[in-house]
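Note that chain A is present in both complexes that follow, paired respectively with chain B and with chain C.
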Partner chain A sequence: MKSHWGQRPSPFLIFFVAIFCGALFFAHSPYAQAQAVDAQTSRITLSLATEPPTLNSAQATDTIANFLLSHLMEGLLRYGQDGSLQGGVAERWELTETGARFWLRKNARWSDGKPVTADDFVFAWRYALKPETASQYAFILYPLRNAEAINRGELPVENLGVRAVGAHELRVEFEKPCPYFLGLTAFMSYMPLREDMVQRWQRAYAADADKLLYNGPYIMSEWIHGASIRLRRNPNYWGRNEVAIAEIDLPYFTADTSAQFNLFRDKRIALASLDSGQLDKAVEQGFDIHQFQTGALFFLEFNFRKGRITANKSFRKALQALLDPSILVNKILGMPGVLPAYSLFPTTVTGPIRSTGEASYFRDQFPVRRVTANLDQARDYLERAKKELGITAFPPLHLLVGDSPRALQEAEYYQYVLKRGLGLELRIDQQIFKQRLEKMRRGDFDIVAAAWGPDYDDIMTFADLFSSWNDNNRGRYNSPHYDALVSQAANTADPKLRFQAMAELQELVVEDVPILPTYESASLYVQHPQLRGVRRSIFGGDPNFRDAWIALPEGKR
Partner chain B sequence: MWTFAFKRLLSGAVTIWFIATATFFAMHAVPGDPLTRDKAMSPAVRAQLEQRYGLDKPLVTQYRLFLGNMLKGDFGISFTQENRRVNDIIREHFPVSAMLGITALLIAFIGAVAAGSIAAQFRGQWPDRLLMMAVVAAISVPGFVIAAVAQLLIVQLNNRLGQPLIPVAGWGGFSHLWVPALVLGLGTMAYLSRLMRASMLEVTNSEYILAARAKGAYGWRLFWSHQLRNALLPVVTELGPAIAALTTGGFVVELIFAIPGLGRYFVQAVQQLDYTVIMGTTVFYGAFLVIMVVAVDIAYGLIDPRIRYSRGR
Partner chain C sequence: MKMSLSYDLFRPYSLSTTYPLAGDGACSGNGPESVELPLAMPSPSLSRSGKLAGVAIVLLLVFVFIGPLVWQQDPSRQWLSQISMGPSASNSARLVDNDSLWQPRGEVQTAVVHSANTEFVRLQWPAVEGVHAYQVFRNFAEQSGLGIPLAVSRVAYYQDELQLAETRYRYTVKAEGSDKVLAEWEVTPEPAMSRFEAQLQGLPEQSGRVILPAHPLGTDALGRDILARLMAGGRTSLMVGLIAPCLFIAFGCLYGALAGIAGGWLDNVAMRVVDFVIALPFLLFMILLRVAFGIGPGEDGVFPLILAMVMMSWTGSARLIRGQVLSLSQQPYVEAARLAGMGRLQIIVRHMLPNVLPMILVSFSFAVPSAIFTEAFLSFIGLGVAPPSTSWGAQCNDGIKTLLSHPQQMLLPAAMISIAVLAFNTLGDALRDAGDSRLRELS
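This part shows the complex of A and B:
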């Protein structure tokens, strides 16, 4: 045997064997991995789609930052378990037509133990509006008096309609009536900031866990960029006794929903969102599927720029008479919870407050007129459009869509229906995120599949979308009637007048077809059975664990 | 030897400059810019942000500033990670990608040498056919499918056992590393296996092996001392590009296994048009690739004097 191996073992052989043994050893070394839910230490583990771009509450814009900030910080008010507004830093408040007053709790504290004062709000709001801060959500502070002028650099920040009366009272003056102001104070741009911290760190403020202060139910005890985040219950939080979950661990950053679902199945994370790819598997595995309405409206937006065929009303009405949102939702998208849309206002938009004080839905009180799909009528409209435009045949139309598989599926459905029903050629222009946005901005489309998620809990977040002055009106729809209705609602605090104007606006959108609503999105998810009381919601950061708790496992009671 | 190394390094530097310039102008030619967001920005806010990032300057000025900063080794601040410097992103995340890539390469190299040798020894017989079939499969199935399937298998294995044996995703110890590394290295392993097999066959049929046999060498001794060492040379040449490909190509694996590597930043930056991160990662990866190729060239020259002499003169 010896001669076979040579006089001494080859270095190569030693190397291979060493590597192999090492690999085996390490592969089987025990590793500590937290369970999705740990009742003993009251800790939960979750995944995060990506790292938040910034945690500076004045500059943040995205849902990840909103989720984290809603745990780390607290505004004057906050959304409670049932979706109603409750006291945050403010314990009492008063809303009038011209302004609002807030009385702050004396026991609201920052994570360094100092009290949260009215000055922290004044500073935060001024800071968010200063042009140099370049906050993209500055507009959400525009209900404050002079806010818009300050944001444009026309007035100094001291002119902002907010002032501190002592340490614990905040007085707000409005530019225009703002009946939805209380909800705004729960939004991240309205959260307090400590001037000394912002001044000290400047651009590095909120870049690391120790470079920002917390006044919310949690503090960030660890932030390893791109890898993991850990939240711990804030011992200085005034409502710490209401917070049951002591620790929220976020050790997985992945946007891949199938990876999230696999982590959930392996009991590593307590919550996982599903897309249609995982839905069947989740049902098959016998998981409870939860759903909630995200409040976002999806629609087809027409281009009204000169020379576009879509600027012709008869043409748009032809498409309206042709397309049936319920077929799209039921046959093409096939996601439970997604609703066909018929109105500019989703069913989730709240309406006038009833005399009982509870909020009701706008659509319950002002139903939308539905245009039933009718092929003959569609063809009539198309003939009329032909005559009005003075053409004999329609050139191909460009439909701009995003790069998700679902967007393509949807686009192909339109392509098929338009060809079959009206003999129209639809060219699908599929673009990745930023390129699509740029093409929308430049008006490089005939029709674009767009969506809008509400910024605040009021009908106005949808209503002013297609007013002529709104930069988000990418199709450049310009209707004096529409503008007038929006202004009418924006300048009155009388709920009756506001909602009448909105009802008229809803009808105008059906009649004039600046957009064709297609569906209202919903989010599906699976959740660990022991995890209870998680708030899923459109506003105030989603999901929210402030009031969640861990139940004992079934059968161990 | 030194002139040879110097020349290679110089041409490497020119390559990097070319990569940087081409990327810079291509990136700016794409519609949209890093400030394009789904909600429209007021012109005042936009002007502020453009000024902050220097986007208000003419493109040539921006290019000149970029080149100047690049020579100083500073790539600026990310647009999507608004408070982070690109240098920090590379410094913090490249080691993760490198660790994953090197492990993947080790697995690929060892696996390929073993598979290639076995296939060559049993040429035309069933082990050869089986291995080469696996090789074709590993080359043709895309990485994201292999990654997703591997993850699913882990979930099922852990569920079967009732306790976690292998982590599904995440980053930590070696236990988190080896499955993603295996998945990442599989394609390279397959490619190298074919190379190894061909090289081994050539060596086995060469005259000096016949001579060695005639002198009485056989079995392991013949394999280790005569066949393997000679057959390894072409495979070693491929290691440079392979290591660069593996340390840079882990985007899908990093996404699916939630690994905080640089690959994710590299790809997401392009999607988000994050100019500074695109430039930083592209130049960094470009430089890394060039250096690896040069290093292998030089190392090869050291191993095999014929190359040094023919090129060095």
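This part shows the complex of A and C:
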């Protein structure tokens, strides 16, 4: 999602971490003896990595909030069990190059019984874009006409390209073609808000369970800050009959995967993420281990600000020729499912629709050029860098990393390989998440280990990351060629042109090395055998229990 | 770090024995014949546990300072092909070329293992009609169950490169979404190393093989030799543990003694300063000092660590010595010496010093373990040494991640800390007991 997350998961990232780190689990009855799953009352108990900073869908940025909001609220569309887009509040829709139309369900209701209307969406989108709301995710609404100008305070919110035609029809106008707009409407920033609630509570909106309204499959029946959260099936939800699990208890807030694994072993929670430390133990105890590709890309980002050695291309090429992602992934990380990354675009990025009508993966159609690790070549590049920079020895480099144990391990590996292979000294700057983001913003690093989780199901979520105008381009990489390719893809709806530009972009990243991709993350988890149908997905909140159910015990484990 | 103030105040010389001595000193000046009384230390009759502790400390010092001469492995060298290994002897490994894009030639009729070494295991099985994806699992052969899901493969072959060790594995292939096993192998990979790593490590090649060194205690999660790291870590830990107490006890003693001897308002002011220092939070100071010294991120913080300890920990010994000096100066034999016209310096050298020296030694041996512990704690939370240097505390921090799967990575450094702390504490106890005349008389 937005925000780089590296070692220490960022908000959104935390959520992946929640998932990855195994934040979620099932069981019910937080008190006395919590039980992972209770088939009779259809309750499950889970753990949450951490409490969400906010549940205001216009302001939330983190993965935890995304998980909760995907259960509490529903946008125009939602991701179904098979990962395809299905009707949420919208019943029918129509997408063109210039805009979109949505027809809302008449039976979609808020938890207080009032119908969900088109005005609730208009209000929510305007609210998210208002400069006073200071939504970090406002940019995700930029495909709407005038959205960017409104967000910068240059136009009044009334000029936003969305309007309600009656209570049940919504018309959207685009700024420029947006072939992936339908997927966006499933994202939390696009969820409806009730104006009267937001006005009534103002800043306290969504701060407590009774200070927000729900239109999703669940309502929050209890939120004890710092202690527990409890979700109950929403009796006013239009699809209530499809929701099998009546109650989801979240009585444990811990990001510690070994604590989660212990809870799982004690049958207190129904789902637990594993880290490499628990993996062997889980295998030994005979648990079925599941795997899930999170779609996030981890990479080393170089600083291109004036005076930084990393701004030198030969120097970056030397590191590229030295650091083999597959050694990192297979030897150091040791997590099955985590893939070595060679491209800006992870293997999970969708490509053009095939002639048969099925979706494809971008990387299957446009394979990336791999640079094989070669020590002699790396040393040659380094010599060249020395000449170009006119220096005789390299000063120590600062590697900014998060504060997780895995991050440190990774950093120590780079430190060793750089020293041994090229004689470079690397100083490890470990910082907590907020501090790391701050240092990234200030450009206080040579290399930073960062990560990016996709916000929406389109290649552009990765592609525009290193365009010169993107705030998240922390290294201030500035390449007219890169910018031109991004603009070229952004201004056309023709899949052929778009993906051709993206293929060129992929090659440019390998050639110019603005970043060094390291790995594509994956989550390993154990799940209660009676719990079925949990949807693990990159988009739309993960994990998702809307369509999950509890099977009867089989008499064995 | 806080020195316990509850030791018995040490009064080895009873009035009757010391009085004549004082007189003697006064009469004969600094004649050599006056040295018959125990001026230095009480007779060092250590208890057995004290002796044992002494031996343990000597062994630790030998291990840490002489050990690296015998065991000459670089403690920060990462053997990437030997991650988290148990104890192992030196062996040779075949050099192989990794190819992460490996593809088999043609199809096979039966399940085949193309090659099996610790760099890669290449598997191929007959493709099954109608199956879109295969799930590949790996487990240790002696364990039941499918084990870890390695990958979902859309083709009928797979190359496993994930942290392979020289042990027997069982691979299982199933069609995705079904329980039917399509292929199963039991494989023991032979030791191997990639050419890239061999070149990186600078290992000489001998007819396609390289020699890997032994790891008597195994390797950690980054493939570093644990024995070499325990030695290197101990060097930091013991250095901090010995240097810091030396400095702060020396300073504390001097300060306390001066305050005690000066007396009056000077003493009063000096003791208020001590109160003030005691009230300062150690951790905060530690962080401030790092900043003040411009210790940037990723740089070693051992010097500010020692300095912070010296600045914060001298108060205990200062109080102790001042109290002792005050009580000594009122002893009749000291008064007698003074009356007899002995100079201040002489009194200090003849009477004060011998009487406080044992106590200084005792507080030193108690300060060492607490300093070791402080260093361990600070390195554990990341304020101490920075990689690639290491200490026992930092190694515990590293090892905690793999506590469940490879407990030795945390338990070994933890055991070293425990032994060091216990030995110095026991020694301190024994020294105190040995110096305590009342206890001696009882026994």
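Here is the rule we go by: the second predicted complex is superposed on the first by the 518 of 557 C-alpha atoms of A that agree within 3 Å, B and C clash if a C-alpha of one lies under 4 Å from a C-alpha of the other, contacts with A are read in each partner's own complex, and residues count from 1 in each chain.
The rule we apply is simple: contacts are C-beta pairs under 8 Å (C-beta built on N, C-alpha and C of every residue); 3 or more make two chains touch, one makes a residue touch a chain.
Source: prediction; values computed, not measured.
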Which of chain B and chain C A:Asp288 touches, first, second, both or neither: second
Contacts of A:Pro346 with chain B and chain C, given as first, second, both or neither: neither
Partner chain(s) touched by A:Gly334 [first = chain B, second = chain C, both, neither]: second
Partner chain(s) touched by A:Glu51 [first = chain B, second = chain C, both, neither]: first
Contacts of A:Gly541 with chain B and chain C, given as first, second, both or neither: neither
Which superposed partner A:Gln59 touches (first chain B, second chain C, both, neither): first
Chain A residues touched - chain C or chain B, whichever exceeds: B
Which superposed partner A:Ser258 touches (first chain B, second chain C, both, neither): both
Partner chain(s) touched by A:Asp429 [first = chain B, second = chain C, both, neither]: second
Contact residues common to both interfaces of chain A (with chain B and with chain C): 258
Chain C contact footprint on chain A (complex, rising order): 258, 275-281, 283-284, 286, 288-291, 324, 326-327, 330-332, 334, 336-337, 340, 370, 373-375, 396, 398-399, 403, 405-406, 408-409, 411-413, 415-417, 419-421, 426-431, 524
Chain A contact footprint on chain C (complex, rising order): 76-78, 80-81, 83, 98, 100-101, 138-140, 143-152, 161-163, 196-197, 199-201, 221-223, 296-299, 382, 386-388, 398, 400-405
Touch list for chain A against partner chain B, complex: 3-6, 10, 12-13, 16, 19-20, 23, 26-27, 29, 31, 33, 47, 50-51, 53-54, 56, 59, 61, 131-136, 138-139, 151-153, 203-207, 224-228, 251-256, 258-259, 262-263, 265-268, 432-435, 437-439, 441-442, 470-472, 474
Residue numbers on chain B that touch chain A, as the complex places them: 30-33, 36-42, 44-45, 48-49, 52, 77, 80-84, 88-89, 92-93, 96, 106, 110, 148, 151-152, 154-155, 158-159, 164, 167-176, 178, 219-221, 224-225, 228-229, 255-258, 260, 264-265, 268, 271-273
